[in-house]
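One structure follows; several queries about it will come next.
Letters A, B, C and D mark the chains as written, and numbering starts fresh at 1 in each.
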């Protein structure tokens, strides 16, 4: 193709797709298809001018010679035939919608401005299997959706005319200072979304001064994480193994790792939940090999990544086993996944160091209650618990206002799981960016309700009237005493 | 058409529809249109490669010679012209969405993973009339929708750290062991959706160890069912006939059939409901023969299948008639279709053996109450009923969590009607698959609320705060006493 | 065009629109465009075969010679070229969806099976202005939508095992027997939708034995109505005119007309509501004559039909004026449009004969309360009112269940306004058909809650728990006493 | 192009777009593309006939010669070939939908009939940046949407048979008569939407006799506004500057301007809210210049107009500073942005002259409470406040009914902010038109609840039962006392 080929605007405008992209700069026509991915400013800005004249936008940023240096001369595919310029041609391109992005291409990190954005990007850029595993929740998704909605139904009662020039989001949890009442909830296999997985998260947490909960199913070992982020504060989420010795070994690793400040024993996944989106990915794949005998066996129980991974977890775990856990570690021991006040009280009485109210992000049992409802119930039934142990909460946190509401209602700190994985899509930078966003949102909310320190956050600053009726009345159901014990055949 | 015809990729890719489907395997071009239905793995996997090269997918599953043996040689329509292969051509096909299916073709059974899936498949593959009859409900569908929604508004109060390694879903009902607290609700004319109809259901119930409720309007006789499933547990749903002798005859048949464990007298369909989807199918058909005089007569009352079938039911049935029923059978007698606590109490006082709270799946009277609300009301007004008789429930059960909630609130067992018919779309295998799904969901839910036996299910494990306000206050409306008796013209 | 012209299937299939419709019968091709409207069975069934072979459907209904006799021979445009028949050609046409209809053509009356259907048909076949006038409601349509929704939130408490073989829907209102507790609410200008307007409605009411409320703005006079339906029972809805003599004249006419059983003085439209759909029709028309000075004047206040018609109504009407009304008639006097218990009590104390709770179908003041809420409030505040006067209700009645709920809660009868106008779209037959539908729905509902006479309808048969909280606590707002009297500038 | 060119209907009908618009009048074909904008009646009416024969519509309004005089003769592009006229050609054009409008062209002002219409027009005609700045609200928009919805959930309790011939909407606020209990809420930078900005608003307010709140960030100075509208009533909304002297200077200007009747100190924006739509506009623009170093700095905190403008506001403002404000002005001092009863009481105790309950239109802190909820709470906790000071309210007012509800519940007057800016899109005329609409809606609502003076508006005329449960129980949260003071690490 001769460099001097004369090209009409009509010819040029055919080349407007990501797979075949020409632009005109200073009347030279360039084929920039191969350069799209390499452009430091991202491909979006170039594609905006695909098949068009980009001279004006180019000139705002670059000197004329940059493209000549950057691209090989054979990419110069011709010269614009100026006689073919029409009114249509000289119009500016349609304004790009920041939310539209190339399939499989991540938009520039700084254009993501909240936790939802990370989820949207992950939905478009993660592999189908990864997206299914991370995003799925149990059966009809009722709990998943109620988690966020419950926060949305709590109103602030903002105070004005307080001096909020400087605001302090620091607090302590697990006997350790933290820059925010926020931690990364333990979530499995971060490597699925980014090769550096938990290492990237650890580096971001270290840098930003918040805790990382490391999953039993982490794609990286505690030693690798320690090497990557030598001064990170961690807690370890333990799934107690059917083979107790494996868990004992993990506990020994934790105890000898000074970064690990506590053990969180997972109790909200006694049995793997039915995450249908996850299972459908498996079902789809079966479609292409419908006769493979080895796959047929487990079809009825689904074969989603969640169920496969849960195989080793011991469903026989009881309160007695916590004694065993304590025997194998000197670290504080907390429970992850308390979903009732009765168990919260048992945990308090058992002398545990903390509880994480969690429904596993709605992933395990559909219509298990939103964590914030259990937090409210604790106030009704057992307010003294807040003096005896730390109470954490996760499942549904997406905004700084969500964090602040939980703190106002007595939580020591809250966790974010899925959102942090979605942020890890951008590696360490993504996680840092999300932590910065959450900090900014939290500070903004604190200032706008008139407080400058988390010490000042209290229930007087929130109005829970819209969800108070969802809090059960007492320890037991009002009808509890009425059901006869034996429910076997009465005939 | 010569086998050696050279075909370009462009030519081949024209043949990509179910009615005209070519695929390429090892450079041979095959017309597989006639083979689509016959393919043991289903047509979907083939259509994914319609007009494309399927060599890779084929080779994962089949030896090279299979297609040569399976298809007649005249289906080999040509040879791929390799010079026409483009980048587009070698791309893998778009990933199939498991939920998309050929109209009128059922996806492989194992890809259906919940009760909703069976409904979706039935909506696409059953005849228009069958779908209308099964899926329709009364007028504005308010009760139909509230049935499921009421369950969704009940939260669990899960307990953790219980040993849930093994779980036991067995219980007793009607003096008989059953593997699940689930039965097939009686529903009319299963043959509409599958030639084996109730026989297929019976075989599945027998194999899985659950009760089948046989409808008075069953497409197969009790004898046929007994022959098909000699050890099945059945109960018989009786519509008392205007001609009592016909009912007496049915009762005699039941009494002499050892598989029948009880009679359920239907009381929630005193008059056929107005199921408009059902009636519209009739109305549509009228359109094609608008002048047929014999049809015109009943147009105003609709002519849906439901109304037509209800013609023989006696709307004059009263409590006194139950004595007549008891005289004609030694079997336990239950009521199907109790919708108020007042009638539940009357049934208890009449010494009946059980009641099935049911609004007929929302099919008869719109805005009749969800069964679960009546169950709650029983706790308020007459908790002793649970000691005196068995209480069953249907209408709205779609999930294992729904079953568990009903059991926690005092039900002995629950029924599924429509869903089982939709499963019968796949014959016996379909019904078995659905029962397996329900069992798996129930076990998962039991484990995740921390119980291993239905004996442990109780109201302390559910939070009904979101619907408690819908339970009426007392036996009568709070305003009841205020309405003067005579409401005739007061002028 | 020669009759022997040979036409290919491809040529024929071009003529498939209502404006150009060919069909093939016994290989003859007919242009039936002009015959569509005249076909006794409606055009829909023919259009189903537009551009297709209709032989099979035709033969089911007609003898071969019918079309030859019915259509002029020049409509026979050619002969089918059988060599062009394809698989596609012989396929049956897509099944018609009964809800799809030709714009501007009404489907056969018997295919309309509920009140909603009449509204849908009117929306497609009435003139834009008529539809806007009838269907419009005040500003944001909140009251209009809440009217129906409030009924939908009331649950029945059905009783079973009652003998419901025969059911009786008769009652008395205004000292007169009526076949149903249903009347036609007065609504203006029925002629807009049908040339016979109120005459058609009157004939239908007379035939079916229910009351017709005649609007002050009726398109036909009382005398004309009496002539059309000599034995109809009527009540007259009076808008008191600014010019009292005109109202006195109307009252005299009513008093001398034995069919008129009562005067309903309208009080819920002191000022014309802002019905924006109605006003926009006006605004649209302005667009075509934007400079006509005579139209510009009233633009800011809108010029919808509703406002224009309201010009003569006296907004100065007070309780004292009712004395004036009584002086001019011996007939019972009722109030139409009571929207508060306070006014209901005043009406009772004033010795009026009845009140019609109504928000004018949501047409006048948005967020005025649903009538059923006021009915409930009457039970709380003034239950004795039901002994003193008849209480009617309209606004939102669409179903037999709605009627029954109102009767259970103390109403003597209920009115339907808009729906009856939409039924009048089909003239007398349409109104009769709708009355039949409502009677059938009412009877079905009565039977399915276990009653056979309206005498047995009572509040014990409904559960209003879902809307009881919307009933205000007391005569005045709970905060009422707290507002200081003078609200003028306090500075 | 020769004027005598013969053009077929087919040729003419190609020219039917705003960019290429021909019409036929008296068989002459005119190219009116350039005349569209200039047409005094707007372009819509012409475009309705684009590519068609407009003779009939033209003749209704214009004399034959008008177009000949108005347009240059070269716009006459040809003569209609009458032999090409078809049935399709002579059909009237499809009826224009008044809500459809040309992008970037405002429909005639008189076709806008409510506040929503102004918003729709602004969304289509304002610049992207202006629209984002005006329309955006904080994070998930929960408060923005709840503002209006809360009003919609309040029902009227209308009284009938009151003489409502004449109605009086006047009241007093800030010791000044006003024609309506409505003012223009202060909002920044009205010039963005219209070159005359606040001047246009001031002239409209002066003419219609209502107050204008002038924003600290007004695009015009107080002096300019005074010059434009010499007798307007104003109040000044003060953002206290970090540099107190600048605020002192503003206060001096206010004090010396007789039009300014009060100072409203803004307290609901201690920190700029996160308005994501606003920030995304900024993020989008970054896309085009991704490497500009000066822009990168603040990316993480967003760079929306809202945040940029808030830079000078002092977040350290406290109650003590109000003393400072009072020292610098003799004018009444009110607080804008009270969002809790506690602060309302403090304001009362501090002797302020009024409070404006406001959540800044939902723009600052998401899930801050709707103003009307705080108004209800004041009745519960501190009813005497209504005697001590004036209480205003904004955020969510869109209808005359909204105004009336607030007045019934004790507000002295209410403000509209965004809507007035959207009206300013049409300059002074637009704002006047919106004020007229609000007055008409308010008068209609007053009449239809049976009052003629705002003195008669009281809580007895509204039913707040649907939102009463959202009002918090007491000064503090019910759980408040239960949270231990120290929330630092309890381990």
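Going forward, contacts are C-beta pairs under 8 Å (C-beta built on N, C-alpha and C of every residue); 3 or more make two chains touch, one makes a residue touch a chain.
Chain-to-protein mapping (UniProt): A, B, C, D = L-lactate dehydrogenase (cytochrome).
Being a predicted model, the structure only gives us computed values, none of them experimental.
Note on connectivity: the fewest steps through touching chains from subunit B to subunit D is 2. Common neighbours of subunit A and subunit B (chains touching each): not present. Subunit B and subunit C carry the same sequence, and matching their CA atoms takes a turn of 90 degrees, rounded to a multiple of 5. Two copies of one chain, subunit A and subunit D, touch each other, and the residues they use overlap weakly: the shared fraction of interface numbers falls below half. With each centre defined as the average position of its C-alpha atoms, the distance from subunit C to subunit D rounds to 37 Å.
Separating the centre of subunit A from that of subunit C, both taken as means of CA atoms, is a distance of 53 Å. Among the residues of subunit B, those in touch with two or more other chains are 469.
Pairwise chain contacts present here: A-B, A-D, B-C, C-D [touch as defined].
By the touch criterion stated above, subunit A contacts subunit B in their complex at residues 128, 139-140, 142, 267-274, 276, 279-280, 283-284, 286-292, 296, 299-302, 314-319, 321-322, 335, 337-340, 342-343, 346, 364-369, 373, 469-473, 475-480, 482-484, 486-491. Only residues 40-42, 44-45, 48, 57, 60-61, 95-99, 108, 110-111, 113-114, 152, 154-165, 171-176, 332, 353-354, 376, 379-380, 383, 386-390, 399, 401, 407, 409-410, 412, 433, 436-437, 440-441, 443-445, 447-450, 454-455, 457-466, 468-469 of subunit B touch subunit A when the two sit together in their complex.
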